[in-house]
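Just so it is clear, A, B, C and D label the chains in written order, and each chain counts residues from 1 on its own.
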Amino acid sequence: MTQVNQSQLRPDGAGLNQATGSGPLKATSGQLEYAAEVVSCHQLNAGTYWLQIYCPAVALSCQPGQFVNLSCSQFLRRPFGVAQVDRAAGIIAIGIQLKGQGSADLAASRPGRALSVLGPLGQGFTLPQPGTEQLSSGSGQPPLLLAAGGGSGLFPLLFALHEARLQGCRTAAVLGFRSRDRVVLADSFRAVCSDGLTLATDDGSLGVRGTVATALAQLELLPGEPEGQNVARAGQAVTVIACGPKPMLAAAASWSRSRQYPCQVSLEERMACGFGLCRTCACQITREGRTEMLRVCYEGPVFNAEEVFPE
Amino acid sequence: MTQVNQSQLRPDGAGLNQATGSGPLKATSGQLEYAAEVVSCHQLNAGTYWLQIYCPAVALSCQPGQFVNLSCSQFLRRPFGVAQVDRAAGIIAIGIQLKGQGSADLAASRPGRALSVLGPLGQGFTLPQPGTEQLSSGSGQPPLLLAAGGGSGLFPLLFALHEARLQGCRTAAVLGFRSRDRVVLADSFRAVCSDGLTLATDDGSLGVRGTVATALAQLELLPGEPEGQNVARAGQAVTVIACGPKPMLAAAASWSRSRQYPCQVSLEERMACGFGLCRTCACQITREGRTEMLRVCYEGPVFNAEEVFPE
Amino acid sequence: MSLSVDLSVQVGPSRLKNPVVAASGTFGFGREAQAFMDLKRLGGISAKAVTVEPRLGNLPPRTAETASGLLNSVGLQNPGLQHYLAHELPFMQSAGFFIVQNIAGDTVEDYVQLAEALDQTAVQVIELNLSCPNVKHGLSFGAKPPLIREVTAAVRKVTTKPLWVKLTPNVTSIAEAAQAAREGGADAVSLINTLLGLAIDWRSRRPILHNNTGGLSGPAVKPVALRMVNEVYRTVDLPIVGMGGIMTAEDVLEFMLAGASCVQVGTANLLHPQAMPQIIRDLERLCQEQGIARLSQLVGQLQLW
Amino acid sequence: MSLSVDLSVQVGPSRLKNPVVAASGTFGFGREAQAFMDLKRLGGISAKAVTVEPRLGNLPPRTAETASGLLNSVGLQNPGLQHYLAHELPFMQSAGFFIVQNIAGDTVEDYVQLAEALDQTAVQVIELNLSCPNVKHGLSFGAKPPLIREVTAAVRKVTTKPLWVKLTPNVTSIAEAAQAAREGGADAVSLINTLLGLAIDWRSRRPILHNNTGGLSGPAVKPVALRMVNEVYRTVDLPIVGMGGIMTAEDVLEFMLAGASCVQVGTANLLHPQAMPQIIRDLERLCQEQGIARLSQLVGQLQLW
């Protein structure tokens, strides 16, 4: 378990785009493809890598939940959620879980490697707005962003939590792993979670024994939270975002629904282009009672949970 | 025009396989493909590169005129004649003329790059044997190897001249280029030619104005040779080897024939495997009055000139 | 020094400012790409296939990567004719590019209805997609010359728009298919649609595509496409819209030499958003370098051995 | 821990020690490869096509590189039946591998004569090549089901050897072709031979191959090959010898899941001399990892959606 060096992110957030919460915008610069360069690539644990890419244009405009589509040794590009952004340095970082040849090729990148980057792509998370929601909730407490993640889905959550924190939200996360030795980035997450990080492992070798769903169900009972009391103290605004395997998303969605928290889930689908042209990345979305096939890469990857998992 | 550093070749020939003249042997080691590594790659002039590869097994057994088939960025391998061998260091060198994507990729190699090498492939040149031929010609003079080359064909000639020189032959070469600024390796060739190097340029900007054929026709008249007298003084054994564009090979063949010098030419053909399996590299060879389709990669690339250009 | 180059081409009755047309299904209706490209610089856009009724298309996964190619099984997802006429066509018209409208149907009547509806519109060319491998009856039209002739002739009756008939390569004789299109009254044939293929995930023991099979496109199919273009060029007297694996301007030259009057670029758009503008720039440069004053001179100039 | 794995497979009447057979035309008669490989470890070798008379084959260039594939137009170069019987077959027999002999002809009589000549020899399987794209009448046999049936039946009459009928993929319906082979008495169909393709040198404006067109092989064609194997598996009751773009053991698993009883490896041999031994080793390892005791269990286990 290696901690990601956060030194390149300025802790005061200076130089960061503060308009994150205004909802993701389409790149309107007239450009979509950038010649970029690998800054560094290092291993987080067996099977997981952290790749930093110099790509100022994407760093500048990228919103949490958006992704990039990277050239690699294979015919198609490979999509990865942006996990960290240093706007001042022009650097984005992604977490890579080894899967097949494309991820292996990218994980083997050496500094200086030229990459073609498409991005920022898709619609990211809509983060709670401390200003407005605080007023409306009337509690005086800033709203809470609760992130639930597992597998390769946890990487983009880091960026989202970081941004939310910078904007003054409270933040918490529930992350699931197979076992203790698969845990990655725990310290990085801890650093951006004002209201606690809960880890779950399938074998119980660290944190809660079980899945993210198990941990969510137990969330009220965790140390640091008075028993029986929700992470969101009565009357306070909680927004849930989830990214990871489909069953985990479904669990986060149903947990949120039962508590009436708005929940957004980030989907994955095999994609050819990543920027809206081909419709190969379609997912079934229910809007106004009707099923539509929307594009994970264009209308997504982030959707409202009830659109993905209608009752 | 850059001179190749010959320092890695031991000038006394120690450690070199002295059995070169016994005719090329098939690799019998049971292996054909080697994991090799780029030692260095540098530019000789616009469009020409010199690539050194660490591949001890090939360096040890490779004969002049043989070639290697190298992995590159493209689907098929790329064949290149071996231009220099340092058996002691386990290094082979090839000259690369830029043509398309494969040659460009190889020319862009950095030290340490892993390459898969098939080799040594094909039947090389049969070099004159100072011991035997000297006796039979009765002249007391060692036999002369005259190499004629142009385009990418000149590279393997360097290896052949070097070996012949080490074995005690006299050596001479006639090399053709488009113009003065395209000349490469002149000093390297000069170092292995005991009996003179003749350069020809199409535009006359260096040496003879014209082609290799022009230069061959004028060979008797060149400085250093008494007018009207052949490079091979009367009664002496001359062996001609030629490598380059087909018209040049034809010219060398007909020049040799008119003087009754044995001539060997090295052919090129598009090839898929390079080691005899597919028969895509066929060339028309006339043997005993019959046309056969032989494999450039297996029975060749070196053939007797009269088999390629029958009267 | 810099030769002025004429990139314009003639395809039957139509004149295109250059030969580079976006291939149907790989460029939507042009909406998404306008953010990063001047659509008017293209030779044209063959817009996503439209059917009479809206179609949701197939379930995902809809794409699988293959060696130098990709399989897709989108399944003609589109908003249907009415929505198209009300929303997509007006957009395309206002964007001002050369509009080729790809249409697909299950019956001859479908094609006729679609063509009739497009006849009085700004659409410049109607492209009959007789070859979609991802829908039930898709292949059956394109695989049978008599059906190709019949549907082409039926559409020919209801519209004076130029008709490009898009053929499937999954046939024994592409020349017979093209000849049938000609007899039905086509103004050109579009060659090739995708090759029917299958990709398997050996771990799960399932096809990767939810539709099981899909259509293969990209550089992997280029040799097959070039062969078919040249076969039709040599045997059928009909302009050809060539496609299949075009990634570069050199590829365009190859297709034109083989006999294509213009080309379509599909998969390349998905990998490189700037593929088509880049190809057009490179075509101009190549023509200058090679002293080709009119690109269209090249059509069919391939010299067989 | 290390499960003992049975790699042997049954193909109609024949038992092979493993499913990896060298594809005809990419391995000669095995002579060249014996220098760097133990030929007996292979499942078998489908030897280069033999014709009644010697053939010099086509003029060069005979190969062109394509994206993830290659075109070839060797044109059935071979020493002819007499020389084969006198020199090649004895070598193969002494080398001791499972011999599949690929035969090709211009007429039904050619095939019959070749099969008759092989009937009393050590050849273990006769493979009827009805599909060479590089000779005049090559495709015509394989493209017409009635001809496939006729030639297979004629050969069936003169030999009791197992017959594999190798089909061309350049057809509208591979299932119909396979069905015809079955009706003619084939013991298996070999799928697929090469796709007909064209490569162009745009500078010289000529096809790269002297034969103009050639046969496309390699990973580029794998999705088409897998689709055809599965299509035949689902519709025709006949063992399948699968091939087309196999480079790895995983590819072999995919072909077997799709329905192939054994496979042939062609182009991979040309790029990697150790391709087949490596594939066999990897198959054993994969089976161990996946707990597959008998590789042949996988045949046809693909679960469609």
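As a convention for this text, a residue touches a chain if its C-beta (ideal position, glycine included) is under 8 Å from a C-beta of that chain, and two chains touch if they have at least 3 such contacts.
The structure presented is a predicted model; accordingly, all values stated were derived computationally and were not measured.
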item: Labels of chains that are neighbours to chain A and to chain C; value: none
item: Steps needed, at fewest, to go from chain B to chain C via touching chains; value: 2
item: Relative to chain D, chain with the most remote C-alpha centre; value: A
item: Distance between chain centroids, defined by C-alpha means - chain A, chain D (Å); value: 49
item: Inter-centroid spacing, chain D versus chain C (mean Cα positions, whole Å); value: 34
item: Approximate Å spacing (C-alpha centroids) for the pair chain B, chain D; value: 38
item: Rounded Å distance between chain A and chain B, as computed from the means of their C-alpha atoms; value: 60
item: Interface hub residues of chain C, defined as touching at least two other chains; value: 59, 64, 66-69, 218
item: Chain A, residues touching no fewer than two other chains; value: none
item: Topology of the chain contact graph, where touching chains are joined (line, ring, star, complete, other); value: line
item: Touch relationships between chains, expressed as pairs; value: A-C, B-D, C-D
item: Parts of chain A lying in touch with chain C, wherever the complex brings them together; value: 26-28, 30-33, 74-77, 116, 118, 269-273, 275-284, 291-293, 298
item: Chain D residues within the chain B interface of the complex; value: 25-28, 32-33, 35-36, 48, 56-57, 59-70, 72, 74, 77, 208, 218, 267, 269-274
item: Partner chain D, residues of chain C touching it in the complex; value: 59, 64, 66-69, 71, 143, 170-172, 195-200, 202, 205-207, 209-213, 216, 218-224, 226-227, 230, 245, 250, 253-254, 257-258, 301-305
